[in-house]
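A quick write-up on the structure given underneath.
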Amino acid sequence: MSKLILIAKDLYREYYGVQALTGASLQVEEGTITGLIGPNGAGKTTMFNCLTGVVPAEKGTIVFNGTNVTGWRPERICSIGMVRTFQIARGFPSLTVLETLLLHGDRQPGESVIRSLVSQKSWTAREQELEARAHKIATRLKLDHLLSNMSSDLSGGQKKLLEIGRALMGNPKLVLLDEPAAGVNPTLVGEIAERILELRGSGINFLVIDHDLELIARICNVVTVMAHGTHLTTGSYEEVTSDPRVQDAYLGLAA
Amino acid sequence: MELLPQLLINGVIFGSLLAIPAIGFTAIFAVLRFPNFSVASHATIGAFAGYAANVWLGLPTVPALLFAFTTAAAVGCISDEIALKPLRPYGALTAAIASIALTIVLENMVRLGFGNDLRGYNLPLMRDWRMYGVRVGPQQLQNLILALMIMTIVFLALKFTRTGKAMRAVADNPELAELKGIDPTFVGRLTVFFGMGLVGAGGMLLGLGTSIDPLTGFRFILPIFAAAVVGGLGSIPGSVIGAMVIGIGEELSILVLSATYKSAVGFFAIVIVLIFRPRGILGERKF
Amino acid sequence: MSILNRRLFLGASAAALAAPSLLGAQTMPIKLGSLTPLTGVGGTYGPSMRDAISGVINQVNEAGGLLGREVVLVSEDTQTSPEAAVRAARKLIDVDGVAAILGTWASSVTTAVAPLAWESRTMLMCVSGADSITQLPHQGFICRTQPNAELQINTAGEFMLREGATQLAWIGRQTPFAELSIHVLEKIAAENDFGMDSLIYEADKTTYRSEVDQILRSNPDFILLGGYAADTVVLLRDLWQAGYEGQIVGPAYAVNPSVLDTLPKDVTEGVFTWEGAPAVESAAYANVQQILGVEDVDPYSAQTYDHANLSILAMAAGEGTTGDTIQSNLRLISQGDGALVDNAVDGLAMLSGGINYSGASGPCDFDDIGDIVGTQFVFKLISNGVASVHSRT
Amino acid sequence: MIFSAEEITGGYSRADQILKGVTISADLGETVAILGPNGAGKSTFLKAVMGLLPRVEGTIYFDGRRIDGLRPKQVVEHGIGFVPQENNVFPSLSIHENLEIGGYLTSDTQRRIEEIFDCFPLLAKRRAEAARALSGGQRQILAMAITMVHASRMLLLDEPSAGLAPKAAGELFETIRQIAGCSIAVILVEQNALAALKTCDRAYILSAGSNHITGTGTELANDPNIRETFLGGRKY
Amino acid sequence: MLSYFLANLTFAGIYALLALGLNVIWGMAGMINLGLAGFFALGAYASSIATVYLEFPIVLGVSLGVMVAATAGGVLSQLSLNLRGDYLAIVTLGFGELIRLIATNETWLTNGSDGISGVPGPFRSSLTPLAFNAVACALVISTVLVAWFISERIRKAPFGRALRAIRDDEMAAAVAGKPVRLYKIQAFAIGSALLGLAGAAYAHFNSYVAPDIFRPLLTIYIFFALTAGGTGNTLGAVFGAVLVIALLEGTRFIEPFFESLSGVQAASIREIVIGATLIFVMRFRPKGIFAERPPRPLGTSD
């Protein structure tokens, strides 16, 4: 077994009065795309929130790439290479597409107040590097003609692509995708799947939540199933979908 | 410390009076989604309308209160239609700032008509009753009862009438309400009418115990806003609780600090509440 | 700044100042500024203060004007805010070029406007009571018709003693005189072995029930009020409702006719007021009554009536139309052995023989730093909603 | 055909014409699916029918009367209801109150609510609870129930299965089939194309704001070209 | 007349500093600050106390004013980090009032409601009033230029971009790796520093500070200025400030047209005109006269 890049153990979290996670555990292996599926309300998105520090877990530990990141704030977790997308694309209405991409770039000296006030020179070089990278990513995602549009003007599918694009700007080791296919038409889903596979080839790991089992089957090496705030089973797509517990709780085939 | 029960009673009385305009403010916030600071001038308008009804027409308290309600409600609707409604699509803050400008306009219209003189209602005044070492004013008690009655009517109307439910629905999800055949524009107008009416009635109730001038409403705007925020913006039960917290908090503050810091203590109460409940006591539940 | 630039500025300023006076010395009207609070907290007082000034100017113009020229009133609103007042004062000074600014009310407004006045050599006549005002380095450009706070409080304290007080209390809002008032009363109480309690409340509140409960705990038999009209109304009500049976004395500007009008008669029954004695019997007072069309003239309006008369007479005496003229001739016409006059129209006619103006607010004599001296005080007792003279000092 | 929309054009603003000529009809008891890529104007079409767009051209007939240009309230009075994709319940109102708002313009609201409670025992059991307490799937059911109180003749559904797990989605489509069975016209917009085609009687595929292909559900589901171009060449 | 014009240009400059400060806090970072008057007061009092009581040179006093206001801004935003929108509004509003209450009541420090008079102005004693106004005007305008420069630097730098992202969606910005809390505190402190600078400038120009100066009306005027000028737009902030002063002062000259009215009525008409004009401006330019636009990218390829 190769190296584990993410280990989450026994996470607990209450969310709006509901116990969303009750001892949930999860692992992501280096070099894989891991799927995370389960019925609505199983705690998948809460799991993402805990992993990325948006909503800290009440109990449990999270180790990312050998570092214990339990209780870290989101920006710190992001800075060591774990980034995420959102289920409903959360755009920045007052940023252009290019700015949205630049914003997600790593190492930004221009974000230091002192530097931005005192010396413009100290950050322009880095900014230009990031701009070049943003152009490259936008071209890859076929968003290059939209770079100067406001990000809120994009269509639903384009927003999804932009979500992925911004996740890539930070040179991540692990990208958490929250329903990349939801609300996207099947053709575009195919395209998104292609991009993800391509990116895995360049050494980025993925953890994907989606209800589109076709997508999961196509891209995921390993699938973890959650139900009622905890881990149900893990295995290959065929293994988990033939598990009667999964069929009952999630697929609804048993009935 | 022997003052404590007395101060509590004073606080409850002040809080219940504050609750009326706070409900109006909150209802407008819940349905139209912006803090309408022109409640300040509408409270003044209500107070002056009540004054006109009481002193010029010789009406007793309750009819004068109805007159105050109607006048403030009508002015509220008209001014909202002209000044604020066109700005609402541009965001809550734009509308809020315009509502401050509106306050300046309306306050000075009152000043234009009535001048700056202090005016008092033509109502008999009675000494306080003393029971068990605490005193309660008959007038304050009457105001308290009126305030409680108004609150009860508001709650029953929201809970059980068709229009009340429509208001809550628009507050909760305006787009969906429209899809169910509720005209959000109509409900918005209705809310402004009743909300500003309540503010006007509240302005008069608050004025009954003091005297009124064009700045009457402006003196209340901070506690009204504070009450709405402490209770949880958009929550009508919350605004009543918030009003009580502010009312009682301000009166009790005299035990700990110099009376000159009364409103500061009110704000400390807000800060403490918000530290523990960043969305107010009841949270941002609509109604 | 380089010398060159500085010279440029000085030159420009000289030109700016010189131009209008050369151009219009004979034809331009003489301007007086009124700077009273027309809106904001002081809005209760400002309008009639302004009307009193305007009345005097109309009378002078009807009688042929001043130095053969028309007198014009330029009125601005302080909004009871020093910030707004400063901008208004600058307009009066720099745009209108008024010789005097009359009627500033709040002490903070007067203090804010004061440096502008003395720097531009414009006369500033105020009704503010804070002791610090006349201690500013104003070179004679400030005078006030309001007796200073210490004098006022001492007088009230002695009055309470005379009326048989044994347990004093002071309750009022935070003003420049609040601490001084407490200090003076405490001294009086200590000298006579009385008790004394005090409470400063926050202005602009709608009820003072709890404050009243607090102050009544010491069972005072005499309470001195230290607020303005808006809060005094609330306080008097709350005191009455709380069943307070002792005596109350309040400044006449706070327990003013509009307050008496507002409150039920029971509430104000037996309340004393005191003020620097306006010369109620005088023709000046009758004149103000006529100008304002009211029976009871408030002390501030009486004072601004005097401001207008004093500045017009001082300009006439000095045969000039600037602040300097007023500054150097003020005492010439307001005090001394001349014939007593009570309005500017008469004064202008009698000027050559020497006059001593004595106005609606009193004799109007000033000391070196511009404080009014020799103020007589009058105490009134309110009965059935009407104030009538009780005693004088 | 009780409902027919001819050559509908329109959008959110004059400059932004999303619909460029869409023609769709439906009959009572029929389920019609509208499919197509993102941005094809599927949801916009539903909004056009409901009177939610500022400018709409073309004609829409319902039961022999023109309903284009009407305000939402008037459309609702024809017995037409729309379930949006998101924010489709009133979270702080109780379930019962949600249904009452659904019947805001209906005369015999209480009777209809009781009928709906009979259909959905889950909702009946929790009628006093606030709608925010429901899970995602239950919320979709409530959203449809609210609409059914007043939509006695036609139901418009915008991506009802979005974000639902396969099991919940399956149940939902089952419910939709039941509803259509009570002689109501159902028009649904879906991303989950295969599931929608299985459920519907007829389907329209839109592309760039106008009609592209029309056919019965089975026809389209089995056409390999269509699968390739529009359904992502996928199979379950 | 010239002197009056210069004085009002100075006031407009001071308002512009306030509007620029608010623009950093609210326009760029999206935090509502209804306590402007409080920060303004802090700068004014700190500098006045330092120069009058401690006899510091003016430059030192002003720097102290800036530092005190910036520190207070930093601390206040630290305390209220979890609050958003209207909740932050009430806390800052309360802060502004608290500062005014302290200034009124803590006589030992602030001389109470008497205020502190005789605050020195640069070269004031050796200049005529007109020349002093000219000097003050020049100084304030150059300060505004510096503040403008700072604002534009922030806006165009990645820091400004991060602030706009935080304004739009805090959670998404945090997940994008932005230390949201730190940036918010920094923005609040920088904005407050500008507010304090305005206060210090005001104190030295006006030579007098008192609690009454710092009433909430001042805050309202600055919000008017920024909203009318264009929230988030540096030029808009400055232009709005000039507009507000022009309106406040210009309306003085309409009074003669209402000869028959009493003083109160004329004063109220003046304020009605001020309020109504602002409503009109907002009605026809709801995003402000100069709407916000994202800065141009550095442009490697376009």
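Letters A, B, C, D and E mark the chains as written, and numbering starts fresh at 1 in each.
Keep in mind that, in the parts below, contacts are C-beta pairs under 8 Å (C-beta built on N, C-alpha and C of every residue); 3 or more make two chains touch, one makes a residue touch a chain.
In this text the structure is predicted, and so the values were computed from the model without any measurement.
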Request  = Walk from chain A over to chain E along touching chains and report the minimum step count.
outcome  = 1
Inquiry  = If I average the CA coordinates per chain, which chain comes out farthest from chain A?
reply    = C
Separation of mean Cα positions, chain E and chain D [Å, integer] = 52
Inquiry  = Quick check: how many Å separate the C-alpha centres of chain A and chain B?
reply    = 47
Task = Just give me the whole-number Å value for how far the CA centre of chain B lies from that of chain E.
result = 30
Ask   = Of all residues in chain D, which are in touch with two or more distinct other chains?
value = none
Note = chain B touches at least 2 other chains through residues 108, 111, 115-116, 258, 260-261, 263
Remark   = Residue numbers in chain E touching two or more further chains are 101, 104-105, 262, 264, 267-268, 271
Note = Pairwise touch list, complete, is A-D, A-E, B-C, B-D, B-E, C-E
Message = Under the definition above, what is the set of chain A residues touching chain E in their complex?
response = 52-54, 73-75, 78-79, 83-84, 86, 90-96, 98-100, 102-104, 106, 108, 110-113, 115-117, 120, 123-124, 127-128, 131-132, 135, 166, 170
Message = Using the touch definition from the top, list the residues of chain B that touch chain E in their complex.
response = 35, 83, 86-87, 89-90, 92-94, 97-98, 100-105, 107-109, 111-112, 115-116, 222, 225-226, 229, 233, 258, 260-261, 263-264, 266-267, 270-271, 274-275, 278-280
Task = Mind listing the chain E positions that touch chain B in their complex?
result = 32, 79-80, 82-87, 89-91, 93-95, 97-98, 101, 104-105, 220, 223-224, 227, 262, 264-265, 267-269, 271-272, 274-276, 278-279, 282-283, 286-287
Note = The answer for chain B against chain C in the complex is residues 3, 6-7, 10-11, 13-14, 108, 111, 115-120, 123-128, 130, 135, 137, 139, 206, 209-211, 213-215, 219-220, 251, 254, 258-263
Task = Spell out the part of chain E that touches chain A in their complex, as residue ranges.
result = 150, 153-154, 157-162, 164-165, 167-169, 171-180, 183, 186, 190, 232, 292, 294, 297-301
